[in-house]
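Heads up, the next two complexes both have chain A, just with different partners, chain B and then chain C.
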Partner chain A sequence: MRRYNHCHEEKVMKVKVRFFARFKELLGTDIVVDAATGIALNGLIRDIAAKNSEGYDEIFDENGTFKDFVILMRNGKRIDSTDAPQTKIEDGDEIAVFPPVAGG
Partner chain B sequence: MIAIQKEDVDVGKLIDAAKQLGTGAFVIFDGIVRDDDIVEMELEAYHDVALKELKRIAEEAKKIHNLLSVDIIHRIGRLAVGENILIIVVGAGHRAEAFDGCRFIIEAIKAGVPIWKKELRKNGGRWVPGEHQHGAGKI
Partner chain C sequence: MISKRERERYKRQMALFGEEGQERLKRSHIAIAGAGGLGSPVAIYLAVAGIGTLTIVDNDMVEVSNLNRQILHSDRDIGKRKTASAEGKLRDLNPDISVRVIDTTIDATNAASLIGSADGIVDALDNFPTRYVLNDVAIMKNVPLFHGAVRGFYGQASTIIPYTSACLRCIFPKAPPKETVPVVGATAGFIGMVQATEVIKFLTNRGELLTNRLLIWDGMQARAEEIAIKRNPRCESCGDTTTAMRKK
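On to the complex of A and B.
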């Protein structure tokens, strides 16, 4: 069987992911990852959270969907978590994932 | 002064610095670590985003409530019982504006500024649950 060499290499992007509060305790923070071009926000976070099952379960439900209370930001702007599957990550993005805020 | 910092602040100096022609009232909010059987409180912030949000809230409060000055200092790090967590100093021409403006600011901070606090007890810690917000939903 003949194999064809792909002429192109998949491009890789540098993305920074920041978890806060109890998510940070479970998953760490300021994680710089090489992300594949075209990856969506939910896929990126799922891959990172998968390293710690407790952390994963804090953020995702049994269907791999963000739990309702999880808040997402991309470069300091809120992203509706239901839009995460359609939100494509770009090179240099800073993604933040955190539980409801409790300042004051 | 709008800041997120570890250090405490001198409220009297903030008031003195904020006095200007037309000021008729200051309202101060001082949120402190309550003795809820805890040893310490630990606070963390998404610093850049939280600071930008505090500045936005201050400007919005000035416009809506006709305020002359707003200072907000939110502390982070480990704080003991009785220490200041959040100081808001609002100056206005009249008391009604100052009270309303200060209330507006504290409620806006609680609703959306990315800061979290953890109660540290002898037998472990507990993140204080947020009162507001939802990850799914347009804002």
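On to the complex of A and C.
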């Protein structure tokens, strides 16, 4: 007999992550991920960026904190990178991660 | 007054904004900070559009490695001051406008006087620390700042109307790290065209400006996208506290 364990099954959310410019070259874009309930913005992006160490290092410092110039948007609204650890992801969120360019 | 010769010269654009619009361009003064990759196409198009006075500030000499993108300068200009090269080209393109060139490095001590009484500032710089200085001057003088920046096949642009839209520091509170950026001339051309178009729209009071929006150009994918941006009430440069303090 198969047993189902509904109580402990972790709920999964669909979240779309868009990287821009240099971040996109290294990590791809329009990435749809299954995110665990309760995950925060920094954890979500860290997990995705971990697949490419160069991409990870462009976005995060050695403590795993967003580099201060990285622009984060959630559903079109700016999130200060220092607020990312407290920003809980919700089902259907669209996150944009963008590096400003500086040349002229 | 628009002369007969000017009427002929600008005929095709006066069809869009009339003699009144052309008069406005003629009476206007725009400062362009930088005569490099962005400054070149911006200066060329603003000159031929008939902006009455252009001030161009740059402190570099033309080098051979500039020539893939800095289309104001030619092979024969290598070793010349960029300001001298720019002045000659722009006068050739349009002798009916006035071109002022200033050969210096912009910093916090001289920026306000370099910009003088310009009606708007074009950010054609290659670094963020000086961009923040220009941003502060634009806020202090209450004139628009037309931002642009490029890297490789990517670019970004936004128009800043002080106290009305997000300023450069609201959008980018921290500067990205300094680097020698790779860039293809066509990318600088694309972003420079966005900036020049914004200047003309602002001066002729036409269309919808690129305010509270950051345009992001991805040349590799041939996609332009935009990110909505908002003024930060706590912004160091234009936030409510800073503004209140300035007004005292």
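Going forward, the second predicted complex is superposed on the first by the 93 of 104 C-alpha atoms of A that agree within 3 Å, B and C clash if a C-alpha of one lies under 4 Å from a C-alpha of the other, contacts with A are read in each partner's own complex, and residues count from 1 in each chain.
The criterion applied here is as follows: contacts are C-beta pairs under 8 Å (C-beta built on N, C-alpha and C of every residue); 3 or more make two chains touch, one makes a residue touch a chain.
In this text, all values refer to a predicted model and were calculated from it rather than measured experimentally.
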Clash-or-fit label for the pair chain B, chain C on chain A: clash
Chain B versus chain C as contact partner of A:G103, first or second or both or neither: both
First (chain B), second (chain C), both or neither touched by A:G43: neither
First, second, both or neither for A:G28, with chain B first and chain C second: neither
When both partners are placed on the shared chain, which of chain B and chain C touches more of chain A: B
First (chain B), second (chain C), both or neither touched by A:L72: first
Superposition clash, chain C versus chain B, among 76-84, 94-102, 220-228 or 238-246: 220-228
Shared chain A contacts, counted only where both chain B and chain C touch the same residue: 20-22, 24, 68-69, 71, 73, 76, 78, 96, 98-104
Chain A partner contacts - residues on chain C that touch it in the complex: 34, 36-39, 123-128, 148-152, 154-156, 171-179, 181, 183, 188, 216, 218, 220, 225, 227-230
Footprint of chain C on chain A - complex, ascending: 20-22, 24-25, 68-69, 71, 73, 76-78, 96, 98-104
Contact footprint of chain A on chain B as seen in their complex: 31, 43-46, 48-50, 52, 74, 85-86, 106, 109-118, 127-139
Chain B contact footprint on chain A (complex, rising order): 18, 20-22, 24, 66-73, 76, 78, 80-82, 96, 98-104
